[in-house]
Structures are given as C-alpha cells and as structure tokens.
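Two complexes come next, and they have one chain in common, chain A, joined by chain B in the first and chain C in the second.
Moving on to the complex of A and B:
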C-alpha cells in the first residue's frame, strides 16, 4: 500500500503516522457498540491496520462471534488476505464458537484458563523481536460471558491476565463489547471494570436524530494516554470506512 | 472457503465458474450468501433478498397481539410448499395442531395491473410507507419464476394436507421439558441433514421456534442456559444450509438479557399491534383501516460483509 488514506479514526488512535513499531503496543483498546449501531467495522479496520505489509505485527484473533470465513471475506474487500497471513504465521485464529463451559468436565474457570494458556504459548513461541508487535483481538466479550455460562468474574480474571500480557510482552489488547447490555443492569461491574482497564475507549453510537443513508453513526474515541477525545461521524462501506466531522459527508 | 495450497502473492484466481445451481426456494445473493424466502415477498425485498442461509432471525413479540404468528405461518408454509424441511417447536402440548393453520399459496394474479383492490388483499402484505411512490413497472419485473422462490399466501385458505403430513416436518414441544437439551438435540439432528459445503445445495431446512421463553421455570441459571442454547443453535445453523427463526416475548426478559438476545440475532424484527381508532395514525398512514400492526426491522443479517 503506497498511498494509505488515513482517516480520522487512524488519527485519533495514533495510527496515521508510522505503524512500526505498532503504536497501540502495551495498550488496551475497548470498542463499545449497541444493537442499532454495530462496532465490528472498527475491529475489521484495526485488524487490517495491524496486518499491514509495512509492519511485522502478529495478530491473535479470539472469535466467539463469527467463523473464519466471515472475516476472511470482509478483510479481502478491505485489501487484506487473512488466509495468506495465517499461512505466514502473522495471523492466528482461535475459533471459540463452540466453546461452552461447563461441558464435559471443563468448568468456566478451567476453559478460560486453558484459553489464556494457549495465547501465552502462542506468543512465547514467536521470535522475541515479534513480542512488541502482538495484538490480541477478542470478538466479543459478551459472548465470552455466555460461553462461561454467566461467570463474569472468571471472564474479568481472564481479561486481567491478558492485561498482564500487555506489560509482559508489550502487546496490545483490543476488545469488542455491547454497551447497551450493561447499561440496563443494576450493577454493571464487569463493564465498568473493562472501561477502567481500557487505555483507549471507542464508542459507536447511533445518531441522536436516528437512521440516515449517508451517516451510519458516530464514533467517540477517548484516548487516555493522549488526554484527547475525538468525535466524528462515519459511514461503513464495503472496502473502507469513511469518517468525517459532523456536517461534512 | 480457505484453500489448502500456499500462495506467494495476495492475489488468487477465482477458480469457481458460474454460481452453482441450487434447489428450489433458494436464491444466490452477494458475498457468497444464499437466500431463502421469508414467505412474505415484500419483507424479502426490504431485507435485500430474503433470509440468508446460516442466519438466525429473532422476532420480538407484542404481548398484546399474536402478529408474530403471521410471520411464522408464512415462513413455515413457504418452506413446505417448496419442499424444504421444517422443524417446529412451541410451548404447546401438541405443536402439530398449529400446522393446520398454515396458509395456502394464493392463486397467482395473471393480470399485470396492480390496483389495490381491497378484495384482493387476502394475504399478509407489508404496507411499506413509500410503496405508492414506486412505479408499477419495478414491481412487475420479477413476476416470472418468482413462484420458485417465494409465494403470496392466502391466510383464509389452509395449506393442503399432503404438505403437512409429509416426512419433512418435525415438531417438538418444550412444555414439561426440564431443560433445553431435548430441543438442542432435536435441532442438532435436524440440522445435520443440511451440512454446509462448497457445492450446490440440494435441500435447505427451516427451524421455527415459537414463543421461546420460560417464565415458569425460574431456577437461577435459566437465563444463561437459554442464552447458551441460542448461541449453540446459532453456531449450528451457521455451519448448515438452514435458517432458524425464534420468536420471543421481550417483556418476560430482564432488560439486560433482552439486549443480549437482540445482539445474538443476525436479523432482528419486532411486531407491534396498531391500536384501533387512532386518529393521528389514520391521518399519517394511507390504508390505515387495513393495517393490523407494525413490523420493525431493527437489524439485517450481515454475513461475510460489514455493510447492508
């Protein structure tokens, strides 16, 4: 990719400048969305950026939501071939669609510990120079809770363990969760903890005025490290996400 | 979809020739998806072709009106008429009784004019607000061959017996079931008949689960069990050539779990009754007196794509 059109999202995340070393290293990025406005396009965009040919980044993708074929098709349109990245050991796909604890003697705690072990093993097996450039992407956290049969404490423990990876190996952790599930809860401990853990918070919300053809929603990026909050509108297309300030589509 | 051989560049020649021809009632869509009809042609149009195979449709019921049954009836009848397999589950003691209420396909209209003659309004139609702005030509173009994919149904006429008594239907009652493992196993057996592979699809399956909820079974982890059932159904459906539709009453769920269920759905619809004698609505909507309810499309399935 010679002329990469960086957009407002890249700017807000610090991805518009150099991407080697990976600007999000050592950081926890939490993406939040709602039923009306899905935030998975942010995940796809970050996945594409992390697998850019200009970087040597390695991505571990933990999928609770969709099978590999789904992401493969989407990323292909975005200009990234997941199959060849997987063959070149730059992309590791952990298919967790069928994981269900308790099941066959695996407790929720046990299942998540096993998953963490697998991630740790995969990273340790990489050459040491790659350690700084690992991204762990989880899609999505609410389904991890379902897989753990509601034991949110174990899921939170798992996330804390993953956070230690960000300090031990300097990798980045990118998660997707659904804010509207927790906003109707009495004690949204899990969600608040996640927001607290996050260094960068990306919220995808619908427009206050409702549906529109030209604008699919608004993104609010809160970057605690840079002490910066950005807000802009977006439109999701097949091969790109267009971001623009309100009023300029 | 992943090929086994290694590639040196990111370009790969697409070796598949024309799209494989599929069995009746199936239509190819973009991004490698194949659609089947919801049984309501207008709804198919709104959804961009129909329900994609491998997707989970969820319908939020209105506690005050049984309009979700109309959606289910059309969905089930459409499958039976086209020779697709059906698994139906309901809280009733004998779900088979419901099959007698399935509608028969309406007699095809031979004339080209689409006058909205009130006597012709036999079936369930979506009174799309802006329909009157579309020219007639646009709607007539797809007449030919349409009956191989979707039908208009006449709700006043019951479906012929031979469709209902065939071997392609299975019914499950979830009344008096201690847990969901029976239903899960029946779904798994049913779906194993339609595994997804890259070839042409000979047959598709439909699962219709009506009023999925269990207020009387209130042991502590029931909500999570139901959620994990939906999740496992979704993943089974995803790897098969079928569509599952679940209707549920949102008022019987806690708000947080209701949101979780909504996020599970690939396609999310809701039905709401229209009050009789609502003067404001009568002014707002044309044909108000013929309308029975609102159908809201909250989410449309995005399989293999990030756009609608």
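Moving on to the complex of A and C:
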C-alpha cells in the first residue's frame, strides 16, 4: 500500500493526517537534489497527494523540464490519472518547453511577467473557497533560468511574485532546483536565495558512504513552521517510494 | 544583551549626530535574522506605544514579507493595531515591487484583488523599488505623516536590505541609508541582511554604516563536504534551534564593545541566554560509550612525565638513544630497561618508562638494510 511506505515523508511535511484543507497552504516548499539523487520523486509524490480523491485541490504545474506525457506516465504508475484530472479542471499544465521561441518583443522578463499573469488569472477564476487548496509546482528552477537567458534576477523577481500569490491566495508553491549546478560558484546566490524563501526545505542527497543497492539516498526535511528537522533514507521503486530510518530497510 | 540593542534604539539619536543604525545579519547555517528582527521590532514598537522611546512612530519598509505578517506579529504580542495606526505605517514593497500588476492590468483582464481594509489603512503599496530616491521620499513622507514635521522623530525598520541590493547598486543603497541616518527626524534605523547572498565588501559597507552589528552564527560549524553522515545530521538539528549571537557596539566615545549570547528558537519566538562554557557544549557531543575517554589528573601527569626516546631534554647533554644493547659507546654497563637517555630529577615517583629490547645484537643501530635481503627465494 502506498500510504504506509511514504509515511515518513508525509509525516515530515504534515501530510499524514487530513489533507483538506491543504496542510501546505501559504507555504513555499523547496526541493533540492543532485545528479546522483534526483528529487523528482518528491515532486511526483506531492503532485499525487495534491490530486488525491480525498481533497478538492487544484494543481498548476509549470513544466520546463518534461512534456505532459512524461508526468502522465509516471503518475499513472503511482495510481493517478492526469488526463482525467486535467479534464476535470483539477490539473492545469503550463508547458514552458516552448518558451524560448524568438518572438519579437518578448523579453525574458516579459515572458515571466506574462506567466505570472496567467497563473494569477487561473487562480482568480476558481471559486474563492478553493484558493487555499491550490498548489503551484515548478519543475525546475534551473531550466527556468535557462529559459530566461541566464538572468537569475528575472527568475528571482518571478519567484517573488509567486510568493506574493501564497500570501494573496494562501496557496502553496513547490519548486525543484539542482544543487550541483551551483556548487562550482563562489557564491551561489540564486540557490541560497531559495533556501531563505522556503518554509519547508527538502534535500535529497547521496549517502555519505556512497552507492548502495538497498538505499538510493537520504532526505533531510527542514520544516521551519514546525521547527523540526527530519532525516531518513529512501528507495525509489517502480510504483512507490519507500522511506525508512537508517538501518531499517 | 538583546536588551542593550533595544535600549540603544529606544534612546535614539542625539542632536546633530547620526541616528543609531543596527545591522542584523545571518547566513544559511543559522537563518534566524528574521526572528531577531521581529523581536527588536516588537520591543521597539512597545516602547513607542508606551511613550518610553525618543521615537514617536515606526515606519516598516517591507520587501520580504507581506504587511499582514507584521500586523499579525504585533497583534500576537498584544498590541491593538486598530487603535495604533497613527504610530505605525508599513511601506509595502512586497506586494508589487516592480509594478508587474499594473502592467498586467493595463494589457489584459487582470483583476487585482483588493486588500483587507485594515491592511490598507496601515500599508501603502510601493511599486518602484529600483528608484532609491523615490523610496527615500516615500519613507520620509510616511514618517512625517505619522509624527508631523518639526522636531519629532520616528524610527525605520527595513526588511530586508538584500532585496534593495538586488534592485540597485550598493553605492545607491549606501547613500540611501546614510541619508536616512542623517535626517534630523530619524530616531533610529535597523535592517536585516543575509550575508551569504552578497560579496564580502557589500556586507562590509553595510557594517561600516552601522553603529551596532548583530550577527548570528551556528552553534557548531559543520565540516564542509561531509553533509551526509549521522553525526552531521545531529549538528544540523542542533543548529536549527540554537545559535550564537554576537553584537558589536560602536559607542559614541569611540570604544567598541563586543558581547555574545546564545539564541534559542522556539515556536513561540526567540530567547536569548548567556553563553554556556565551552566544556558544557562539548560534553553534550561526546558519544556515550562504555569506556572512559577522559584522563584523570594522575594519568595526565604520568603522561606528561614520559620522556620519549627522541626528545631533546634541552639541558645541554648529548642525546644517547638506547638501542637495546648492553654495551654502549662509552662502555658503561647499564641496566637494559632504561630507554631514556637522560635522568630526570623528578621527585614524582609516577614517571613513565618505555621499555625496548632489541631483537638481535648483530644489527647496527638504525640500519637501512632490509633484513629480508638474505632470503633466497
């Protein structure tokens, strides 16, 4: 049963009990990963939780990384049908893979302003009672920076405005970023800025002891709101992710 | 010590002098500047309401958090905001700092939501954060709106300078802060800074502009590159709730006073306590095992008394390293178990000894020969 094995992650995020109203409302969740330990599974897990039949959550998914079919395939294995959710207006997919088209007059800043406007409009169109159950998911920030021609300033401005959405609508913002892209910089400002903005920080790292067959990596969840830090190991399987404390796989 | 900071801000500026300025800085390893900032803000505002401070009003320039965050904060501290909005005003640089909402409203059917009535009477939205001059004028205008013209002063809290530095060069920000400090209606000013977002020189510029610098550091430094192991996790956990708080005061008489405290972060807020002694901190981290890792006093003395065979004793005598053979260079017949070359006139009977027996008398001392050379393989 999926519920049981992801419990540690759900517990750390406050998703283990009721999910209506959405426990992550009004919060910024930042997922950080590395090449050896991809954090996409956390994103998929949160997406699945958000679209659970027990809730009325709406998810706005901003994809810079993969097309719709990729997420559809993965979520199907986790037991969630994205196509029907999209048809029921519970799942809005903004395909940003084509953002980098050389249109006249669309500056990177202009593109991001328009994207913000589109998100704002989508949420405003929902009934007011649903606003706090909206999750905005961005996959991922480093590719957004690429789409903005490397200008991290515009991306930070955009993220700031997304954060104002969490205050305005009480919705949640979930982002994914890659730590090792910025590790060579003296001062990875863009990366550190997200750590300051995040209310919940989820880091997926390899084990200190190196590769292993039974354990794919470790997750450290820092929940500022609850003043709690958790650490546990994980293993990504075909249909599920198992999370367990070290030594008990 | 946090009390001293609040007192300094409360007392405010002397006639003809710059207003006291406080920098609260932190880093990702101990990101508690916001809690300290909130604490200082609520303390200062309480003094303003009670009439115990030089300043008669507070202007909060909020970049990183929505105005409702500050209003809720003060409400939770027991302040009645509704009746005190002639003593606090918030310049809202958070909701629409770059005017994007205006731009979008102009082009499409973008419906901006109206703010709560309570918020809008206390908060003014500012949309041009790249223009330091306009920002300066807006702040002064807001402050004068609170306290009137003349000699009455007001205080300013900026959350945070990092956002300002993103939108304007450091020289403009420095000039902006300097002008505020020298304005004769400003009683005190304080701001929040995340030091790892900027170059060292930028942080240095802001520290030079401040009369008080409060910095937060982690209780335990983590070893870089070793993020993965369990011991490091317990340090991370420790650091997420505690930190060290260092304050440097530049006094009017030119002296500098440095103080340190410990901070504890709880859900209810922040607490300041005096620093425990070093031993107490280390005690908590020594792993609990079944054998003794400490040395008793006697053991420590005995250890100090052991003279190692290669040591100089520093008293001019030539060193003779005993190599385990009965006959030595000077032909003296010595007992084979004293490996030390010099006699220690130490009354302490607990002197340590090293006992060394040579394997074979045939070998020359310190021979480089490989003893396996004569093997016939």
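The criterion applied here is as follows: the second predicted complex is superposed on the first by the 240 of 249 C-alpha atoms of A that agree within 3 Å, B and C clash if a C-alpha of one lies under 4 Å from a C-alpha of the other, contacts with A are read in each partner's own complex, and residues count from 1 in each chain.
Everything that follows uses one rule, which is that contacts are C-beta pairs under 8 Å (C-beta built on N, C-alpha and C of every residue); 3 or more make two chains touch, one makes a residue touch a chain.
Note that this is a predicted model, so its numbers are computed, not measured.
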{"item": "Fit-or-clash call for chain B and chain C when the two complexes are aligned on chain A", "value": "fit"}
{"item": "Partner chain(s) touched by A:229 [first = chain B, second = chain C, both, neither]", "value": "second"}
{"item": "Spatial angle chain C-chain A-chain B, Cα centroids [nearest 10 degrees]", "value": "110"}
{"item": "First, second, both or neither for A:41, with chain B first and chain C second", "value": "first"}
{"item": "Partner chain in contact with A:193 - chain B first, chain C second, else both or neither", "value": "second"}
{"item": "Touched partner set for A:213, first chain B, second chain C, both or neither", "value": "neither"}
{"item": "Chain B versus chain C as contact partner of A:17, first or second or both or neither", "value": "neither"}
{"item": "Contacts of A:124 with chain B and chain C, given as first, second, both or neither", "value": "second"}
{"item": "Partner chain(s) touched by A:184 [first = chain B, second = chain C, both, neither]", "value": "first"}
{"item": "Nearest-approach distance, in Å, of chain C Cα atoms to those of chain B in the combined model", "value": "16"}
{"item": "Chain A-touching residues of chain C, taken from the complex the two chains share", "value": "28, 31, 66, 68-69, 94-98, 100, 103-104, 108-111, 113, 163, 166, 194, 196-199, 226-230, 232-233, 236-237, 240-241, 265-267"}
{"item": "Chain C-facing residues of chain A, complex", "value": "113, 116-117, 120-121, 124, 153, 156-157, 160-161, 164, 167-168, 187, 189, 192-193, 195-196, 205-209, 218, 220, 222, 226-227, 229, 231, 246"}
{"item": "Chain B residues touching chain A - in the complex, by the definition given at the top", "value": "1-3, 6-7, 10, 12, 31-32, 221, 223-225, 227-228, 231-232, 235, 238-239, 254-256, 258-260, 262-263, 268, 298-299, 302-307"}
{"item": "Touching residues on chain A, where the partner in the complex is chain B", "value": "35-36, 38, 40-41, 44, 66-70, 72-74, 77, 80-81, 83-84, 86-87, 97-98, 100, 142-143, 146-147, 149-150, 178, 180-182, 184-185, 236-238"}
